[in-house]
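Each of the two complexes below includes chain A, the first together with chain B, the second together with chain C.
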Partner chain A sequence: MESGAGERSSQYSEMDDYESLISTTDAELLKRAWQNEKAAPQILRFEAALVQRSREQIQLMEETVEEYTRNGSDPLTVSLYQMDLDRTLFLLRSYLRTRLQKIEKYMFHIQKTTELWNRLSRPEQKFMGRCIEDMEQHLDQSVLSKLPSSYKSHLKQSSSSEEDDMVPEPQLDTYVICRSNRFLGAFQLDDSGEETVNIEADDLYALPYKSIKPLVETGQIDLV
Partner chain B sequence: MAGQSDAQASTFSAAELEFLAEDELIEIVPNLRMDPLNLICGDFGPFRPQIATQVPIWLAVALKKRGKCAIRPPDWMSVEKLTQVLEAERDAEKFQPLPFHYVEISRLLFDHARDDIPDIYMVRSLIEDIKDVRFHKIGTGLEIISKERTYALRLKNLSAMEANIVRPFVTRALETFYKLSSPDMIQDSDSVQNRQHQTVNRGPRRQLKDR
Partner chain C sequence: MYGKKGSELVRELASSEPGQLSAFNNDLFAQVIEECTGHLLHLGPLIRKIEQIKKIEEVKKLNNQELEESDKATLKAHNSGALVHHLSLLRNKRCLMAYVYNRAEAIRSLGWAIDRVLPEEIEEKLSSSEKEYFKNHAASLQSYMSELDLDLAVDMVPPKDPYIKVRVLEDIGNVVLSDQSANLACHAILFLRRTDAEHYISQGLMEELNG
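Coming up: the complex of A and B.
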């Protein structure tokens, strides 16, 4: 279960760096990551490199603000830097919190789905481990231990269930509102290829998350 | 079973949308001298009295609150432009192009830069009217979802606030129709056989509608 999150993120970080170099600022990228994470039903890949860079920028800005305050710079300038800092801090916190909420909600599902588990950062994985322990203990102490032996699982309704039918899963066929900044052309909605939609640049669409999942994950489309 | 009902169906709060809108750029005319600001969100300035410069709205509002600048309302916020938009909005079935955050931006400027907007009462009532016409259109436009089989909805020129308001209804409605049109999906299996069933099942449903 110990994952390849490390390799994965480093591989992506190069891409991130390149992309941010040619197009957008980290503030913009962080905003996008935050919006996507908030709107997606499923947990997305942890933006390791982006979070790292944002942290560094925040730290640098904190030092700058401190220095300005110490040598008595114009209080207006200082307060503007402070506001910029607060906005970035808010984004970063909200991003991390949104992920933690998803982890708490879907921990058992993430635990048994390697792909999702690999999307978590190390601290998130640690957090989820502890969450699971607590939840199992809680369920066990309050209910499960008092039930007949075939009903003791926290994953199944009874031992006759074939699947884990007591594990909350994100609903992937839920609809999301999305926007692409470039023309993507005719896009197939379902597996059978019957339904297609023309995705134009900068237009909003309401589409099933399931069908645009790969586009969200590769950053070709943004959720709004 | 799996998947609890989504408590926060409207993904973003109004405050969060305002937060996003505050990053849009706007022109200000400072009345102070200040060195360039190298912020995390970008570099702005230098600020020289009477020399216009572009800054994010949050920065403009912060300076404005301290009486350090005048904000130049964007072009689309003039009486002339808004009158055109309102007329077109009434005549055409389509939505007129407006900035993605037009509701939030106009609200921010009304709240913080009243004295910088010429004919503020006129501008305000025009924007209210435009909003009303558009919301009415959204309402009638949504009927289309129930009239024909809809798998995807294109929301051309819809603004952030409008999309956020219709989100809970639209996404739920589409989801429900999607499920109804393919009953097998509910059983969570996607074998080839089931897919054939789906196509068969779609047929009679449409006829039912036509009657």
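Coming up: the complex of A and C.
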């Protein structure tokens, strides 16, 4: 927000600079992280630094609003600041909330996939641990304790299953809408390399999440 | 027919609207569990018989003899019998688990919409284990939020205006809000900070007025 206000004066002469600068402000980054998290079927890496910065900024904005209110500044200015603050707070809360909901949904899957487990923040990991305990207890009380001993696992159908075949997993081949802000060239959709897509800057594509997963994870493409 | 009750249970789940909870079907649930126990009762003796015949087969093999035709046939029959019971059990287990698991999902999403205490009309639809699950889960969520020092249960919809118009539904009395102290008497219509009002709204003490 601060950098945006400074840029606004030279808005007309350096429109491009402004555009590129505004797209790297924390507010914009948070929006992107939130959008990606909302659209991706799988849990993404926790944006620890970004969340930390956003929280500091929120605190700063809260102090500003408070100060302005105390000084009896123009109510319109205060309310504009307040609105900006509310929006950032919403983005942050919704971002964290979306992640928690994914954790709740795929807890057993995340638990046994180290890569996904490492994407969570510490509090999220703690939360998931408790979630799993609660769920296990509930399943056990309701169903599993009443079943024969070789059918008691909540991960396997029976003790004769070799793999965990009762764990809900996210569907990775679902289609997502995505957009890249720069030209990425021909991109292979599947391993066979038969289907390729030319990814142009700022064009919208509907592609299976599975095939663009690496691009999402490295931040080359955004989900909408 | 085996597995029919289990599928009924799941059908009940599928026919209700997503996110809506119907009363926990204790009777049907218990019947399916009973069916599972029944399967096990069949399964045990069958497996013992199969093992007996297999032992005979091994002994005969040592003497370079083959199983008698009748024994082969019974082995086959027992094998298929055991398989049917095993698969029916699995299917019933999946149905039971799906029922409980999907209801648990709905219960969790309730946890976001309402504040900690379940309204009576919902509570009576839950099994005792489900009630406990709701409490435990709410506590887990609460401990996450207090660790972060951020209340995630507000701000459920994107904000348009910092203030919203609300009507008070029950006498709450004088309350100090973040920006003012207000007398929240029944039927009063007020402009409140959205974040202040959301708590009351989720507890059903206020409603938002649109337009």
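As a convention for this text, the second predicted complex is superposed on the first by the 201 of 224 C-alpha atoms of A that agree within 3 Å, B and C clash if a C-alpha of one lies under 4 Å from a C-alpha of the other, contacts with A are read in each partner's own complex, and residues count from 1 in each chain.
Keep this in mind: contacts are C-beta pairs under 8 Å (C-beta built on N, C-alpha and C of every residue); 3 or more make two chains touch, one makes a residue touch a chain.
Remember, predicted model here, so these are calculated numbers, not experimental data.
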First, second, both or neither for A:S79, with chain B first and chain C second: both
Which of chain B and chain C A:R93 touches, first, second, both or neither: second
Partner chain in contact with A:R130 - chain B first, chain C second, else both or neither: second
Which superposed partner A:M61 touches (first chain B, second chain C, both, neither): first
Chain B versus chain C as contact partner of A:S142, first or second or both or neither: second
Overlap of chain C and chain B interfaces on chain A (superposed complexes): 79, 83, 87, 90, 105, 168
Interfacial residue positions of chain A with respect to chain B in the complex: 25-28, 31, 35, 38-39, 41, 54, 57-58, 61, 74, 76-77, 79-81, 83-85, 87-88, 90, 105, 109, 165, 167-171, 173-177, 189-192, 194-195, 197, 203-208, 224
In the complex, chain C residues that touch chain A: 33, 36-37, 40, 43, 86, 89-90, 93-94, 96-97, 100-101, 104-105, 108, 112, 127, 129-130, 132-133, 136-137, 139-141, 143-144, 147-148, 150-152, 154-155, 158-159, 161-162, 179, 194-195
Residues of chain B defined as touching chain A within the complex: 1-4, 6, 11-12, 19-20, 22-23, 32, 34-35, 37, 39-42, 58-59, 62-63, 66, 68, 151-158, 160, 163, 167, 170-172, 174-175, 178-179, 185, 190, 195, 198-199
Chain A residues within the chain C interface of the complex: 55, 69, 79, 82-83, 86-87, 89-90, 92-94, 96-97, 100, 104-105, 123-124, 126-127, 130-131, 133-135, 137-139, 141-143, 146-148, 151, 154, 157-158, 160, 166, 168
